[in-house]
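First chain A sits with chain B, and in the next complex the same chain sits with chain C.
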Partner chain A sequence: MAEAAVSVRPEKPPRNWWLWGTALAFLVLMTWWSARGIGFSINELVCNIGGGRRLLQESWPPDFSFLPRLFAPFLETVQIAIIGTVVGAILAIPISVLAARNLTLGMFVWFVDRNFMNILRTLPDLFWAMLFATAVGFGPIAGALALTVFTIAVVSKLYSESLEAIDMGLTEAIRAAGGSWWQMVQYGALPQSLSQYVSYVLYGFELNIRASMILGLVGAGGIGMILETQRSNFEYERVTMIILVVLVAVLVIEQVSAVIRRRLT
Partner chain B sequence: MNPSAGNSATGIRFRKARVVYPNGTVGMKDLDLEIKPGEFVVIVGSSGAGKSTLLRAINGLNPISDGTIEVGGRSVPQKESAELRRLRARIGMIFQDFRLVKRLTVMSNVLVGRLAHVPGWRAMLNLWPAHDKEIAFRALERVGIADKAWIKAGQLSGGQQQRVGIARALAQEPSIILADEPVASLDPVTSRQVMDDLVRINRELGITTLVNLHFLDLAQEYGQRIVGLRNGELVYDGTPDTVTEADFQRIYGRAVTEDDLKLSGESHG
Partner chain C sequence: MTARPMPPNRVGWGTWLTFIIAALFIASLIAIEFTPARMLQLPAQLARVLGFFYPADMAYGWNMVLPAIVESIQIAWVGTIVAAILSLPLALLGARNLYPRISRIAHLISATARAFPEILLAIYFVPIVGLGPFAGAMAIGISSIGMLTKLGAEVVESIDLGPVEAVQASGGSRLLALRYAVVPQVLPEIVAHWLFRFELNIRASAVLGVVGAGGVGGVLLNTLRYRHFEKAAAVLLLTILIVLIIDMISGEIRRRIIRS
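This part shows the complex of A and B:
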């Protein structure tokens, strides 16, 4: 009893103000330096706001009569996104597994796969669209191939990290029962991380619908191609309509995937 | 209708077997031990004594750095290989934390025990032969939870989950069962039920069974033979009724206390 009474409570260690101060100063300096670098100034922004307003006025209201003509290209966009997502999501599985330190087949395979993944991710989707457009010609096939690569890049990065966090006890139980490496992955690792995988794939699908607008710029099919023609013809009310359609599509997909994700967990 | 058809109980022999972990810890020190086919052996020791190390050396989960371990007269391969997988296919393992896929059905979990027994492409496509499903069902019947076959494993109680773990091991049609503290996360009553299951399976099917237990009282109650470990060394090997207080001292490094007798007291009450 007497012993408990004299227990000494440790004092809260002081906050490291120096560290916080330096970090904050560094951030402010970096921002200022960057703004200077790109020639950003509040003055100019205010002066040019008139131009922006004119553009906005020309873009309003959206041209609803244009809507029926969007149906076919929008469908094509969705199809491109579906193919890119499905094929990419399947290919992302082995790539993620080999990039997860706890599951990979040796340091060499891990290293090669990791770097492959990083290269995929570093190169932008536009690059892939142009590459495939030159390879297979302009059109939806090029778009689907570009989105496949894009999906692999997005999903494998996220999923390999989820795989590294799985409970290895289960995979060990499968090895103990005489399971092979692939059986350990298929029956031990993947079922544990299925819900994360599905939510990354749905996220990839959202990004793909969005990306298909940009892909149109290089003639990779879908609604983006219409967007590009209308924009270069200064048909801003139609451009607004197109943006609205994509916006609604993305919002709907987001809601649906949120529901699916909730049911999975 | 004979689930044990094809497996003959298998003996295990350690000869100066030594396990050194990558960080230099010696988990097992030149162990000499022979376990006869069909024996029910309980291994006791305090935390860190090397109980898990011993079990995991038998199915090659922990490689040995010296000496040999023979299972059924053949030495345990020390590298991941088809031969090692074939050996593991006939050794069932049961874990303290069950190690089930919680979001899959009980049946799917038990079928994991058949993975090494069906052609690779079938396992890959999840196309299980009727014969193997039958084996899985019989394994569930043997531990009395066949009615739970299509329920998700995560929805079962701890004791039921451990029975699924046992059924998974039985589905391997094993000649050896290794149980690493199978009752450590269960309450005393459930612990006894699970231990009873293990003893019954050992008697009915003649499967050589090694069970790690933390506490001596449960070991004395169930073991035909008790092996005591301390710091990776064998410090006791004998029948349950000949354990003296000196033996206890050697195994646990301290004298017997009231607490140690609590569990057995309950069982007689």
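This part shows the complex of A and C:
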């Protein structure tokens, strides 16, 4: 009995102090190094709050008389997003199929395609926009091309993962009945993952609307081009107006797409 | 009588939707004047410009681009740390199973923060704290709060409430229950989300240079603007390389954290 009373309390699990110490040291050092590197100072932030207040006063109220002039660029923004999403979504299908381990045409194809996808994903949307703007000239076409690449990157990453999780019974049945690889993909793999595909495309569209608003900062068309000129002229009341339009558009698209995606699943 | 099952009737809303999307697509193509002639021209044009990118000017890469990429990483790191510190309490407050009433406010804050693209925030931060990486870090930090709060609150909502009840049943306060029952359960997954956000923030901070908020984006914009394509090629190569490496390391750490 006496022995039992000694350790009623469960023992604490042992901790890996070495691992925790290294992780913590890395965290602290990295933060210190980064904060110094970028000149992070609370002091500066507090001192400049005054400037921030002046800026806010300048940018409020938004210049509503500017609103009619935003209509055409806004429309262009939506058009860029539509083109980028449609083309990107179509091109993403073969890329995702070949990047899915269970459907691909061999390890070499899989390897090349996987790495192609990864490289597409490393560059941010505005980098693509800058590249295409230099290659094909300033304007909405550059934006549409940039968003096409961006959509491929987003959709194929997500969709190839869903394709890897499909029920292989159906595809095997088609193969067993003498179907070709093409028929297996067309009738076995794609139909069962259609709802996921649609929901990823919608997600891509959301991201594209958001991105297309800022593509103009580097000259790739849409409402961002006006934003850039007004910003360089320090017309902050107009900048606020543009940002309000962007925010409303993003929120509306998000809500609509969330409702559709909920219906799908 | 055929043994074959009838195919289901396919002319449903899906067909109509396809038509609507196709119509919108074509209308958009016409509106931005993306004509067939222009499309045919495109491959040759792209190939011509891509030709200028070779060979990459790696001397410029190591001397000028690498420091800019390092600065981008620093911006992303500080931004992520700021967002992590601010979003942890918000994520706890945003969990519906712990704070049914306060959670609405946290959700509202998170939705507002998520609506702003980083670069628009940077446009406001640049005049406040001046041109440079500090403005970028603040913009990244503020805009990351939204997503981290949302994902964090979802993690907290999925916990086992048993330990919370156990702490409170043995006389612990709400705060103690958070510290000993909630945080240990959610921390690994939340840290994994922080790392994921860090990966996203590297891409975001790379872009911020466009509005003068530091990092590699400004270098790329300048090299392209002055048509120094070999230098731009160095920027792209190094960015791809370093982002791939960081993604790999961070992805591996995330996998380990989630597994343990």
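Simple rule for what comes next: the second predicted complex is superposed on the first by the 229 of 265 C-alpha atoms of A that agree within 3 Å, B and C clash if a C-alpha of one lies under 4 Å from a C-alpha of the other, contacts with A are read in each partner's own complex, and residues count from 1 in each chain.
Note that in this section contacts are C-beta pairs under 8 Å (C-beta built on N, C-alpha and C of every residue); 3 or more make two chains touch, one makes a residue touch a chain.
All values derive from a computational prediction rather than experimental measurement.
**Student:** Which partner chains sit in contact with A:G169 here, chain B, chain C, both or neither? Use first/second/both/neither.
**Tutor:** A:G169 sits against chain B, while chain C stays out of touch.
**Student:** Who touches more of chain A, chain B or chain C?
**Tutor:** C
**Student:** Regarding the shared-chain residue A:V246, is it in contact with chain B (first), chain C (second), both, or neither?
**Tutor:** In the superposed model, A:V246 contacts chain C only, not chain B.
**Student:** Applying the document's definition of touch, where does A:L131 land relative to chain B and chain C: first, second, both, or neither?
**Tutor:** second
**Student:** Classify the contacts of A:L105 with the two partner chains as first (chain B alone), second (chain C alone), both, or neither.
**Tutor:** In the superposition, A:L105 touches no partner, neither chain B nor chain C.
**Student:** In the superposed arrangement, which partner chain does A:S180 touch: chain B (first), chain C (second), both, or neither?
**Tutor:** A:S180 contacts chain B only, not chain C.
**Student:** Between chain B (first) and chain C (second), which, if any, makes contact with A:V259: first, second, both or neither?
**Tutor:** The answer is neither, since A:V259 touches no partner chain.
**Student:** Quick one: classify A:V28 as touching chain B (first), chain C (second), both or neither.
**Tutor:** neither
**Student:** Between chain B (first) and chain C (second), which, if any, makes contact with A:Q192: first, second, both or neither?
**Tutor:** Touch partner of A:Q192: chain B, not chain C.
**Student:** Hey, which residues of chain C end up touching chain A in the complex?
**Tutor:** Listed in rising order, the residues of chain C that touch chain A are 21, 24-25, 27-29, 31-34, 38, 42, 45-46, 49-50, 70-71, 73-75, 77-78, 81, 115-117, 119-120, 123-124, 127-130, 132-134, 136-138, 203-204, 206-207, 210-211, 214, 217, 220-221, 224, 227, 232, 236, 239-240, 243-244, 247.
**Student:** In the complex formed with chain A, which residues of chain B make contact?
**Tutor:** 59, 61, 85-93, 95, 97, 99-101, 103-104, 112-113, 115-116, 120, 123-124, 168-169, 172
**Student:** In the complex, go through chain A and note every residue touching chain C.
**Tutor:** The contact residues of chain A facing chain C are 30-31, 33-35, 37-41, 44-45, 48-49, 51-52, 55, 59, 75-76, 78-80, 82-83, 86, 118-119, 122-127, 130-131, 133-136, 139-141, 144, 210-211, 213-214, 217-218, 221, 227, 231, 239, 243, 246-247, 250-251, 254.
**Student:** State the interface residues of chain A toward chain B in the complex, per the touch definition above.
**Tutor:** Checking each residue of chain A against chain B gives 169-170, 172-180, 182-183, 186-188, 191-192, 194.
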